[in-house]
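Chains here go by letter, A, B, C and D, matching the order in which they are written, and residues are numbered from 1 within each.
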Amino acid sequence: MILVMNYKASENDINKAVKQLEEWGAKTTISKGEKKTVIGIIGDKKALLSKPLNTLSGVEEVLEVSAPYKLASKEFQEERSIVDVNGVKLGGSHKCIIAGPCSVDTEEYVMQTAIAVKKAGATMFRGGAFKPRTSPYTFQGLEEDGLKLLAQARAETGLPIVTELMSERDIDVVYKYTDVIQIGARNMQNFPLLKEIGKLDKPVILKNGIASTVKEHLMSAEYIMSEGLKDVILCLRGVRSYETAMRNVLDVNLVPYLQKLTHLPIIVDPSHAAGKREFVSSLGYVGMAAGADGLIVEVHPNPSCALSDGDQALLPKDFDYLMDKLSKLESWNQEEWYDMDTNK
Amino acid sequence: MILVMNYKASENDINKAVKQLEEWGAKTTISKGEKKTVIGIIGDKKALLSKPLNTLSGVEEVLEVSAPYKLASKEFQEERSIVDVNGVKLGGSHKCIIAGPCSVDTEEYVMQTAIAVKKAGATMFRGGAFKPRTSPYTFQGLEEDGLKLLAQARAETGLPIVTELMSERDIDVVYKYTDVIQIGARNMQNFPLLKEIGKLDKPVILKNGIASTVKEHLMSAEYIMSEGLKDVILCLRGVRSYETAMRNVLDVNLVPYLQKLTHLPIIVDPSHAAGKREFVSSLGYVGMAAGADGLIVEVHPNPSCALSDGDQALLPKDFDYLMDKLSKLESWNQEEWYDMDTNK
Amino acid sequence: MILVMNYKASENDINKAVKQLEEWGAKTTISKGEKKTVIGIIGDKKALLSKPLNTLSGVEEVLEVSAPYKLASKEFQEERSIVDVNGVKLGGSHKCIIAGPCSVDTEEYVMQTAIAVKKAGATMFRGGAFKPRTSPYTFQGLEEDGLKLLAQARAETGLPIVTELMSERDIDVVYKYTDVIQIGARNMQNFPLLKEIGKLDKPVILKNGIASTVKEHLMSAEYIMSEGLKDVILCLRGVRSYETAMRNVLDVNLVPYLQKLTHLPIIVDPSHAAGKREFVSSLGYVGMAAGADGLIVEVHPNPSCALSDGDQALLPKDFDYLMDKLSKLESWNQEEWYDMDTNK
Amino acid sequence: MILVMNYKASENDINKAVKQLEEWGAKTTISKGEKKTVIGIIGDKKALLSKPLNTLSGVEEVLEVSAPYKLASKEFQEERSIVDVNGVKLGGSHKCIIAGPCSVDTEEYVMQTAIAVKKAGATMFRGGAFKPRTSPYTFQGLEEDGLKLLAQARAETGLPIVTELMSERDIDVVYKYTDVIQIGARNMQNFPLLKEIGKLDKPVILKNGIASTVKEHLMSAEYIMSEGLKDVILCLRGVRSYETAMRNVLDVNLVPYLQKLTHLPIIVDPSHAAGKREFVSSLGYVGMAAGADGLIVEVHPNPSCALSDGDQALLPKDFDYLMDKLSKLESWNQEEWYDMDTNK
């Protein structure tokens, strides 16, 4: 951490700041420029995490040098993490396509979709039983009945299931049925929920927030991991922007960027990012082209009967088409690029 | 709601769309332009809320005409709501300044602050006992012990208290102590929590989300109100932007804008929006100048010992200065402007 | 265009609005909902382009239905445009990689780069002689001397050259040397410059603005085209966001989106979007994966001597690596997707 | 400037970076943390402005410590600048309201408006003769005929005039008539234009860009000032956001923020920021409440006949109302706050 003193800061300001920092347990180095003095802080910064550094007299700016997350970082673990879900692997060299309806609705549709996506090559099945809806007047999910249908789909197809958990109150029931717990964008910073999940032993897919930064996304992974759970999968679903072409803006180049910062697997959610069926497949394709470890994508055999987000559901034929294209795609491999770079 | 058909849509597409809309329970009107046909939807749109209108063949765009919130709207209630908290009124012509520390820390600081802000003219007291922190390694709040200190401050000063609720699990304990429940930015779309709060009988301050829109803010108020609670106070704390001058960007002109859409009281949180002490007071001042019904502002007698957000805490002398300035300020009155407009 | 009247609008308001619209030359249709009335405007809207529709009494909102651009639209021209630059084609099925240094600096570097990128498969050569720099204290370009070096590179390699035009005053000199005129992000809405360029007969690469929308980008193309020039190439270089991982946020899914709206060729600029060399190649790769017609990418043999943007320059070996990867990549083909969709 | 080396950087990387920095003319200090080393750069950084610091092996991040602008900064000049336009002062304690139509249209309207705004207390008159319009198919301004009408209004009322300059080609004609040159949002980074204006001797109002940062705004002022002109007035007109409530988002708390960074006068443009008449006055009010040195506001006696931006024009009666309210408003004075702070 670095404190930049403003150009008017006196010797006295600098000395007092250093003294206060040392009282708070930090070691410092001072570097005096022609106009401004910079105070570097060495060693463990935990002690300073809650301190009001900006209130020290003469401080102009506080600059972060180290990442505020640890367990999620490449510094902590160099090799890429691999998550194993009942034998289905995700991460490292293991690609994984998760598909299924937005909401679990009827037994017929759920089974039909599960069979179709498995046939096309999906390796996990997704479906929502608890739905975060912007309006209180829309369908809110089948709850436990929905979870049972998911379990039935797993029994039928062998695909592990992924479903969203929205509330601490539903932890037990969701835990009972699901193989992977999904945390949605609106809960990325629901810290009490993240802590509870971190105490469990099931893999978690953590979507980024509505307008979160990469660092905040990693800090939320850290929340979960700090409770003991290691199997966190980051999911990119885009962020809010003034541009309304797509529902969200998703820069898939964040995949190689994240691979530099973290060992955690990274998947892409093209359905929520694009928001309209006709642009979902292309986004899934470029997400995998960027080197993502997988996709989570919504598929429904009859979108006009879907109880939520039918606008963005792929038809089974779309999913077949996408899977076929993906089978011929060579993903970008940023690690290979680094090798090329240093080995010349 | 309006469906804009694309310029290639055939007669058949149009007829099929109309038929489907009518099956979903909507009435329609058709207006054919030279290039594009527009289908208007009349009457109750609830039936269409979950329908995938974009999937209808030939549909280019779906435009919303009516606000998706009802109970929170001016259409539903013309006169401005007034919230009464143990005799302290907020809304309509009643201005209310809520002040206190970010986190409840020590008895000494809490009492000292409560007495100071009361003396300066604050009409409610705030303090956090459960804290949403970006990092799992920072102070997370005193929990029930903190609530007890708040209750003690109320006993001492007579000021009603405001504190944040972060989790469904803490509803009972927070309800027991507080006069007003605060929902923070990160929980603005924690729908299960909003529903539970809507079943209670205590006023709620609902902050806008990290990067929420005005409409989403109102929809979250609607979530609470749809469960029965009427006393919702909207709080503006700014939103995320690429500009880093302030912690958040807060356009106080949203105050008159919101007053057009909703009857709910509106307060401004200059502390979280500005993020640095030296810019908090000016923002509080312009928030009130814009016609807000009140402020919620952080004050701490010794910010360098504050356990969170010390950087943005006003000193008691700052708060005195601000209150003095506010006492001489005439707030903008948008209703008066409308009167001037129509009465010419 | 659609006028949504607010719920309080009287019969009189509606009649007066209709009358005013008709005086302005528009035809209207009225559709009365239960709460709100909607006035549709039919036919040529040119007459209404400058009219203050929001000032009509009772108008709540004005919604655009038709695209405000014409010549650039798919409605105007269904088949994809192909730009021919001295025999090098771009657009339709013709992919084109444009490479070269950010700034033209020395003869040695320019020639070395031109030869290297040609060998790797680039089909045009780029270099800046006039540079838009945020600071007045940085290198501003070699001007005509730079253009001469570019012409020399063309003579040596046969590659057509692309260079940026920043000012109306430089039109003649830039026109004299270049094969393709590039308009940078900061000039996307320099309307006087766009009009002048539209009167010339050389192809234009038009980058999107710092924070422009897709619609504004197309409107700026329209400015050029309305003066007569047809050969406009849209270039995506990302937009500003609060996220600082990359210099800009570039959602390559805008490529298929744009292909729906316009017949113009679309290229991607991964250098300015990523901003750091290590993330440029991956972004170029996913840009082409998304179906772009080409890339414009910065390459310099000795970035630490580059006079601008050395941070983002690829080394020749990086460019070789990227070109090799691209040779094996199958680009997404959104038109094929539409075919799959309708042919079921 | 500070270089943060990444945690894997070797001794050799650090030594090479220091050597390269010194070759580039910089002095350095090194501060070794437990994980990361930080290289501070001392003294004149001009030499490093164009250097690709990120390309040095082992560099993780480059942090700016000093502001990149000089002449515009408080460090360069402590006392607030006052601009004198034919005896009308702006800045310091001098408040100035600039009003007039968006576009100059007819003699009748121009004279009527000039007389009305003067009577209400405006101290300068504005009007556009060259208009930057998003669509090539809308009214582009009366050009020199418009400037003549402005001059006529000045002759009639004695108010100095302000008009926008869009192109280098129009410098002579605009210079001939106007008292203050206005540079619009779309030209904030038209660097060739800024340089030409800096060579003139007339005050300039420089609006911020569509989505510019405060720093970029100041850098553009620096461009003008580096050519010799001192009289630059910064104008805040809001920036793009995902929020569509207002046309732009304008955080008036940037006024005190800017006052900390620069000595230049700061005015607010509520018309373009709000975009709709009914929200312009409130925004003008809070802009002045925040301590701005003035407003630039659009007024038209018959907005439905205005040739551009009629939607946002105040009526003369609105302007009277606003001026009356402003006469009773005490502006926030951030310097007084600093005095209160240090003098306790």
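Quick note on the criterion: contacts are C-beta pairs under 8 Å (C-beta built on N, C-alpha and C of every residue); 3 or more make two chains touch, one makes a residue touch a chain.
Keep in mind the model is a prediction, meaning the values are calculated, not measured.
Path length between chain A and chain C in the chain contact graph, taken as the least number of steps between touching chains: 1.
Taking each chain's centre as the mean of its C-alpha atoms, the one that lies farthest from the centre of chain D is A.
Of the two chain pairs shown, B-C and C-D, the one joined by more C-beta contacts is C-D. Two copies of one chain, chain A and chain D, touch each other, and the residues they use overlap strongly: the shared fraction of interface numbers exceeds half. For the pair chain B and chain D, the distance between C-alpha centroids works out to 31 Å. Chain centres here are Cα averages; for chain B and chain C they lie 39 Å apart.
Centre-to-centre, using mean CA coordinates, chain C is 27 Å away from chain D. Within chain A, contacts with two or more other chains are made by residues 211, 240-242.
Chain A contributes residues 20, 46, 49-56, 68, 132-139, 166-170, 186-187, 189-193, 195, 209-212, 216, 219, 222-223, 226-227, 240, 276-277, 303-304, 306-311, 313 to its touches with chain B in the complex.
The part of chain C that touches chain B in the complex is made up of residues 2, 4, 7, 29, 31-36, 38, 40-44, 61, 63, 65-66, 75, 240-242.
Here chain A touches chain C in the complex through residues 211, 213-214, 238-239, 241-246, 249-257, 260, 273-274, 278-279, 281-283, 285-286, 289-291, 317-318, 321, 325, 328-330, 332, 334, 337-338, 340-341, 344, going by the rule given at the top.
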